[in-house]
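Here's a structure for you.
Should a chain be cited, it is by its letter among A, B and C, assigned in written order, with residues numbered from 1 in that chain.
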Amino acid sequence: MAFRFFSRLFPQDFDFCELFEKQATVAVDSAGVLKDVATDGLNDSHVAAIRALEHAGDEAAHAILEQLDKTFITPFDREDIHALANELDDVIDQIDTIVNRMRVYKLTAASKSLLEFANVTEEAVSALAKAVNGMRNLKNGHVSVEEACVEVNRLENVSDVLRDTVLADLFETEKDAIAVIKWKEIFQDAEKVLDQCEDVAHILRSIVLKQA
Amino acid sequence: MAFRFFSRLFPQDFDFCELFEKQATVAVDSAGVLKDVATDGLNDSHVAAIRALEHAGDEAAHAILEQLDKTFITPFDREDIHALANELDDVIDQIDTIVNRMRVYKLTAASKSLLEFANVTEEAVSALAKAVNGMRNLKNGHVSVEEACVEVNRLENVSDVLRDTVLADLFETEKDAIAVIKWKEIFQDAEKVLDQCEDVAHILRSIVLKQA
Amino acid sequence: MAFRFFSRLFPQDFDFCELFEKQATVAVDSAGVLKDVATDGLNDSHVAAIRALEHAGDEAAHAILEQLDKTFITPFDREDIHALANELDDVIDQIDTIVNRMRVYKLTAASKSLLEFANVTEEAVSALAKAVNGMRNLKNGHVSVEEACVEVNRLENVSDVLRDTVLADLFETEKDAIAVIKWKEIFQDAEKVLDQCEDVAHILRSIVLKQA
């Protein structure tokens, strides 16, 4: 009886992992939309899709933070749960920002340069999703978390070089200053997604280290 | 005697609310200057006014942080007082940044688009000032704090849509690339004021929740 | 015996100051490269030099954070050591960002305006290095730390005014919009170095105040 009472007071078994897996799936889907936009050129269905994903991402983050408020004993440090939810949300928001900006700037053509960023983004977000899944069983999973984090760091470096190449090329070939203004911002936004993926990887690694 | 001694050691009744009300008034006045700039076009008296307000804002924030250092028992969490003072200051600084940038970029014409931002900003900053006043009596005031925070969140969404509309219009109508560079930055700055108002609202809400 | 055992467990005498002095030297050298770039125009040896310094800065920061993990009793607050290492690294990274961006944007001419920023940066970074050296002996050194911090605050104000002057001049004289896009970003980056120097100064001051 007493045990039941306490387990209701301290629902330590609440499945935070499931909520994070859901949030990571939204990030993976957002990266997929970015790839479609870069491949096919932006259309209304992309705009609707990314808006829906941004809402789903907000709800996923909100559900985690709300559960955190109700839970006394958490599987990981409270601040880490808080930070992970917020920074995964930043990844989703940043992809939404890119697609929305393209809509506002009427950048509706396909773009090989953006596709290169979208591919790197998809790889990074998939690695993060794998790492989030690895958290469910840290005993066996910490290796996969570490591998995913190393991979995300590598991809962040790739995207730095990519941004330099793409911007150099933009200034070399695009003589319309207003087009330069628009695309420069999009490419710099695209590189930031990888910075934010790296922030997520840092938190995941720190969670794993504390459990070790 | 003992009581007097302790009350000197622990001046828990220090009126932090008064200092925050002063700081909020500076923010309201800054929003007023932004509205004048947008309505009349920028002139030297606006530049002088915003500079004086920026100084007054710095002094208000400084007074709060100094008092915080001297006070052992505070009416709200120390970190919340610290954060509230800094983030209200960010609102004031951001409005100062906009007006100063317009001076540097010689943007001296009235602007209907900027006026729309200035109106939203004025509403948001007034709501924050109302919420700050509500903190004085949290028993009756917490409803007004909550209402003000909901209102600021609404206005932040309004300003996001406004930024998209105004930037789409800028790219549509302005063919001088250098004018685009200047105004794009001003409008993006103007939207950031609302993000910062939302940050202030979050802290106010968190203070109220902890007192509940 | 017992003493030896404990001193191995608690290596409180670990020389964090030496590591910070090393990191500060990297910052001073980076500022020197920025000055060379502004004076002579960018060439390949500058690019190589700043890349090497950026790596050295990363290693210095990494060494401090690694040592922090191994050390139970630290000469200053753990969070302050952490913040100081990261924010000194931000100064170095920001200078690297400027030089790298100039390479990508093919801005290879000498620039009097950039030289003015580089001079202010060199003064600020040298003041920080002096303050870092002052931490070694806080009894006598705290005056020099305080003096250096006052100096960095002064230089940050100088760089604000400089940015306004330089940007006003850029918009006045440069009629090629694409050149405006490039240089505007470089000058705004250059001013940010001083903001980051001020952040470092704030931490140094806070360390000194806690030891007082």
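In this section, contacts are C-beta pairs under 8 Å (C-beta built on N, C-alpha and C of every residue); 3 or more make two chains touch, one makes a residue touch a chain.
Nothing here was measured: the structure is a model prediction, and the numbers come from that model.
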Open item on the list: Can you tell me, using the touch rule above, whether these chains form a line, ring, star, complete graph or other shape?
Closed with: complete
TODO: Note whether the interface between chain A and chain C is symmetric in residue numbering, meaning over half of all numbers used appear on both sides, and answer same or different.
DONE: different
- [ ] Quick one: superpose chain A on chain B by CA and send over the rotation angle as a multiple of 5°.
- [x] 120
Task: Euclidean distance of C-alpha centroids - chain A vs chain C, Å - done: 30
Open item on the list: By the touch rule stated above, which residues of chain B touch at least two different other chains?
Closed with: 177, 181
Open item on the list: Give the list of chain B residues in touch with chain A in this complex.
Closed with: 164, 167-168, 171, 175, 177, 180-181, 184
Task: Contact set on chain C toward chain A in their complex - done: 100, 103-106, 177-178, 181-182
